[in-house]
Each structure stands twice: as C-alpha cells, then as structure tokens.
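For reference, the structures are reproduced in the following blocks.
Below, subunit A partners subunit B and then partners subunit C, in two separate complexes.
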Partner chain A sequence: MDNAYRIKFADKLVFMVCACLVGASYWHLWSDEPAQLAIIKGHQSQTQVITLHQDTTLSVTGALGTSSLEIKNRQLRFTDSPCNSKLCIQSGWHQRSGDIAACLPNRVSVQLARNDAARDYDAINF
Partner chain B sequence: MMQHESLVIQTTRKDHLVAGFAALAISIHLLESVIPSPVPGIKPGLANLITLYVLLRHGWAMAASVSMLRVIGGSLLLGTFLSPTFIMSLAGALASLLVLIAAYRLPGKPLGAMGLAILAALAHVLAQFLTAWALFIPHPSLFTLLPVLLTAALISGTLGGILLNKIMQRVDTRLSQ
Partner chain C sequence: MTLLSIARYCLFAGMFALLVSVTGCSKPHREFNETVFTMGTLVEVTIIGEEEAVTDKAYAAILDDFSYMHNTWHPWQRNALARLNSLLKTGAAFSLAPSILPLIEHSAVLSEKSHGLFNPAIGGLVKLWGFHQDDYDAIFSPPDEDVIAEFLTDLPQMSDIEVDNLTMYGKNANLHLDFGGFAKGVAVDATIEHLREFGIENAIINAGGDLRAIGKRGNRPWRIGIRDPRSDGVFASIDISGDESVFTSGDYERYFMSQNKRYHHIIDPRTGYPADQTRSVTVVHSDAATADAAATALFIAGPEQWHRIATSMGIKFVMLIDKAGNVHMNPAMARRINFTQSTPEIILSKPL
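Let's look at the complex of A and B:
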C-alpha cells in the first residue's frame, strides 16, 4: 500500500501534455494578431466600421473641425487634426487589435478590432 | 393529549462525513479568499483538494456534495451568493467536478492525485475564464490573461496533487496506528 500514493506514469503524461497545451496557449494568444477593422467614432456622427485591408485616407468631422486619418499596410494613423496638442498624430501608427487612437479635443476616436465590431463595454468591476 | 412528535432527521455516518469535509473546504475557501493575489483569478486551489480527496476516498457522489456545499456555503459567508463571483465559482466547481469524475473513471484508473489535480485545476480555470468572458467581460483582450491563468493552474494543480499524495499517506499511517 506504500506505493499507492506515488506519482504514476499517467500523471507525468498528463503533466507533459498539459504543459505543452499551456505553452501553446501563449503562442496562440500572445502572438499579436493584426487588426482587421477600424471602428471610427466622430462627433455627433454615426459610428462607421471600415476594413484595414484597403489603403485609403478619410476625413472625420469632429467637434472642432475635420480630422484626417490614413490607412496603409493594415495600419492606421491620424495625419491631421484641428486640436492644439496633436497627441493623436504623435501617437503614430496603430495596428494591433484593441488599440485605440483618439483625439479628445476633437471628439474623434478610432478603435481597432480583430474581426468583429466592438462589444458594448470594455470592462466591468465588481 | 397528543403531543407534537419531535422531528428528528435521521443522519447517517455519510452525512456527517459530508458535513465535516464541506466545513473543511469552506474554511479553506474563506482563508484563500483573503490571500492577496497579483492577478485576479489566481489562487492556490487548496479547497478543491478536499473535493479530490473525497473523490478518491469516498466516491464521486460525496465529492459532488462537498464541492457544491463549498461553493454555496463559501459564497454565503463571503456575501457573494448569486453575484458574478458566485457564478464563476460555481462554473469552475462544476467543470472541475465533471472532469474529475470522468478522469477518475477511466478504465484501469491510470491517474493518481497529481494527474487528477492538474486536470481539475485547468478545467476550473478554463470554465471560470469562459464564464467571465461570456457573461461579464466580453472583450477579446481578456484572452491575453488566459495563458497566465492556465500556467498558474498547472503549477497549483501539480503541487496540490503532490501535497495530496503526502496527506493521504499520512492519513493512512494515522488510521493504521
């Protein structure tokens, strides 16, 4: 009976397999998947969802004026904005799903998403 | 003339064991809940070791009772009954229970405490995570946390299983004395 509570071969097997699966989860979930969509919100205008696959430039009407966005190589950036700080332009290119580029003074924001439109809330606390 | 018959619920030795193990599991559950954790969702999982112990010693029916009593009793004492925390706790307990029972019933019973504890811990974390994602935080970024949680589950499951082997050995020695 002394041997009843040893680590058995199958236990080691389970450990190895699970360790491999956990390792694979890092590889799968932590590899940066490029975003596919941009969800653009302007001031008092409808939210528009556009694909990042086509290189283009577009203008979004904000509270102060018009912000210009550029999409190139599945990346997105602000190229021009009527705000003072220009932080939105300085934040540069965005390509990862979940990235958010915003011009707060002009009330224009862009959220990048993998392949479905953003859900209702980003987090809740309890 | 007729007096009320006093109502006595007949309890068996089994009931006492379930109550005792559930009390033990709830105590550990409460103690674990006050241990600060760097990442939400990472816990030593010692309360679930009680479930595993009961499964190995007394069978799946009793393990299921102890596990459910732990979830309900623990949440009542912590004030989280029917809250999101409770739902996640319940989902984790149910998933690990099902996986435990299935793995324990494999023909030839190849798995010992360590293998079972690893599977239970991973099932627990996975079910909690998917519940959280489906019901409370439906944001794709949440998946970034999953590998960390799974790693923690693998480690705590492995250590928990080894610990349980030692505990069962000791219990046996005590009982045979």
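Let's look at the complex of A and C:
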C-alpha cells in the first residue's frame, strides 16, 4: 500500500479529537437532564412554580380562555387550549430542563427548570 | 418432581414474596394531588391517606368554595364587593353585605394591630397604580406624584367604615376595599376547615405559593421549600406539622417595569409608593388569614420596624430579606429554618 494512504498518528489524533467533540456536543445538547420544576406564566404576568414530582392536571386561564396542562411521570404537556393552531398540544411531552411549552395566542407559557432541591419538598412557598 | 425442582419453586416463591413486600413498602400512603387556577392563582391541593371517594367529594366541595369566594371578593370585577365599594364612597347608609362583612370585621382588627400598614381600604391607591387589571404588561408608568399626594391627604382606613345594626356606611370618599393581601388567606382557612369536615386530617392547600398544612405527610412532617427572592431556586426550608400556615410576600410577584425600575404591587400606605426596603417576608402562623395580612404588613414595615409590627400582630415566626439581601429573623424562626445552600449571615432580633 502506498504510504500516502496509510493512517498516520496525526490522522488518529484528528479522529480522536473529532470523536471527543462529537461526544461532548451530544452530552451538552442531548443529554437527558430532567427538569424538576415548571415555571408557569399566565397572561396576567403572574408567575407560578409547580413541582414536576407529583402527577396532576391543571387549568391556566389565558387571554383566549383556559389551557389545560398535564404533569405525568415528571413530564408536562398541553392537553387542551382555545387557540386555533393547537401547536402547543402537538408539541407533545416536555421533560428536559430548559424546555419551553407555550400557547402564544392564549399567552400561556411554561418553562421547565432544573432544581435538585425541589424534589425534597412537599410544597414551594413563594 | 425432583428435590431440585422443589428447591427452585421455593426459591422462586420466596423471591416473589420479597418483591411484593418491597413494592408494598414503597407506597405507604394514598396521595391525592390536583391543581386548579382560581382566585387569580394556581391552587394545589394535596391530601394524604384518604379514600378516593372522600377526596373526590372534598375536592369538589372546596372548588365550589374557591369559586364562590373568587366571584364575591374579586377586587375589580362586577360583584358584591364592587357594589359595596360604590356605596361606601357615597357616605350614605346601606344594608349590610353578609358575604363581605366577615372580611371587613376581621381585616379591620388586623389592620389596627398592624398600625395601618396592612390596609385593605386603599384599593383606590392600588387602582391608581394600575394593578386593578388582568394584564400588567399594559402598565407603562407610575401615576403622577400629585395624584398620589392628593390621595394621601385623605388616606382611607378600615376604621372609616361604620357598621350600625343592619346597615353600614363609609366616612371617606376614597374608601375602596381591596382584599388582595388577605382574601387568599381567608380562602385557605375556609377550605382547610371544609376538608376537616370531611374527616381529612393530613393535607396542604397551596394557593399560589402561600399555604396551610395540617397533619403530616405519612410518618414525617410536611417539608416546605421557601423560594429565593432573586432566583427560581429554593433558598431555605421549614418543616410543618400539626396545623400551620406559611405565607410569603415578595417584590417579585406582581410588578411592571418603567424606565428600568421595577414597581411591584405592595403599596406602602404611608408614602403611596411600592415599599422599597424589603425583598421578601415569610411568616409562619396558625391561621392563614393572619399570616397573609402579616406578610404584607411586615414587608411594608421593612428591616427597621418589622419586629414592632410582628409583636403587635401576635406573630411568632418571621424571616425578612431586606433590599440588600440581609436575612433578618427572630430566634425561634432561626431554630426552624434550614438553608439549602450556604448559610447567610443572619441578623437576629429579640424574641417575639
């Protein structure tokens, strides 16, 4: 085999660096960092915080009407909303810290956040 | 069947029994948890150790309670309170409003004990600031200084309401009742009592972060996290067992921004402006209505005067975070509070 086609040390180094970068990117962007809290903002600029550690359903009054949310197995989703497009419902379950679920026409948004301490409490006072 | 087969069956049966017992241990009590948006906030109801039939009936009953109180006491909708407010301004006598009279009498006592810092009669001032609407994004600027100054020249008090047998009347044209710093506590008290009528002994009603807890969670106290006023994290925690309420007033709850300045909804009746010496106040007390009113009053009182007002209102557990982030507490509160991260420097007061 021609020497020009042989894998050299530098090639291996480049390959290893690339592999490390891909791995680090995957860990940074796709690692499953489950959220502990849902920060819910209604159209009245009121912020509510609710833990994801208890399965529940809740109704949030927005500008158009009532949006329904479901929390199950530490995930959250819109189950009903008065908007026309229903994009919020179609976006499905959200569970990672940083995820945002929103119904823009109804002005209801939910941001999931990580807070290790939250799971230790039965209720959050604020 | 060989001896080896019998031994295998015994081993399998033993492991199955162990699995069942372990699974049983992991779920020691039945838990009911529902959340509903009412009274302008999310109300979370948690009930432990009751049959589903009982919790379903109790939950339906307290939803009715919340709905009634929301419709009757809402500060800017057309309801019984709006009618009463319009009549109070006239100065003429009118027939008592039975759905609101208990709130007036109870809050008048607390207002006096707070030396007027908790003052539900200043709804007109709150309205001037624009907080009597659903959309705070629509508020762009504070009211004119002159308008506030004029209002303060004839500041209404709860004592301006006279109850005479079956009639009542107002003695101040600026009277406008707003039970925003009180109605949530009254509602939590009423619904906890309603749960007890169903025989429920272990429950939390958490109305937008302010709560009353009765009983315990299984074999341990209720564990309450207290939010950091400057982040979404938990700042401290406190254990509750028996029957106690935990209420916090903070400058982060309802506010608008104008020229890079934050204007929140807790208005100091002495100045006409949002109280600016405090980030948050947490009060622990037996009943939620008093805790609610006290949290508002102590927030306005600030780091210099909170101890005097708390003493006057009969409050035994207070934590106040001032505008610089210093933590003020009475010794009894300091013994109960657990900080989740590093322990801040605490400014201890005299005992309450």
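Here are some notes:
The definition used in the following text is that the second predicted complex is superposed on the first by the 83 of 126 C-alpha atoms of A that agree within 3 Å, B and C clash if a C-alpha of one lies under 4 Å from a C-alpha of the other, contacts with A are read in each partner's own complex, and residues count from 1 in each chain.
Note that in this section a contact is a pair of C-beta atoms (placed from the backbone, for glycine too) under 8 Å apart; a residue touches a chain by one contact, two chains touch by 3 or more.
Model, not experiment: these values are computed from the prediction.
Once the two complexes are laid over each other on the shared chain, residue contacts for A:R6 go to subunit B alone; subunit C is not touched. By the touch criterion stated above, A:F15 is placed in contact with subunit B alone, subunit C being left untouched.
In the superposed model, A:L58 makes contact with subunit C only, not with subunit B.
Shared-chain residue A:I50: touches subunit C; no touch with subunit B.
Looking at the shared chain after the overlay, A:S97 reaches subunit B, while subunit C stays out of its contact range. Within subunit A, the residues touching subunit B in one complex and subunit C in the other are 113, 120-124, 126. Residue ranges on subunit A touching subunit B, taken from their complex, read 1-2, 4-11, 13-15, 18-19, 21-22, 25-26, 29-30, 97-98, 113-114, 119-124, 126. Subunit A meets subunit C in the complex at residues 37, 39-40, 42-50, 54-61, 66, 113, 115, 117-118, 120-126. In the complex of the two chains, the subunit B residues touching subunit A come out as 83-85, 110-115, 118-119, 122, 136-141, 143-144, 146-147, 150-151, 154, 158, 161-162, 165-166, 168-169, 172. Residues of subunit C that touch subunit A in their complex: 31, 33-37, 40-42, 44, 46, 134-137, 204, 206, 208-211, 213, 217, 222-227, 232-234, 237, 246-248, 250, 252-254, 256, 282, 340.
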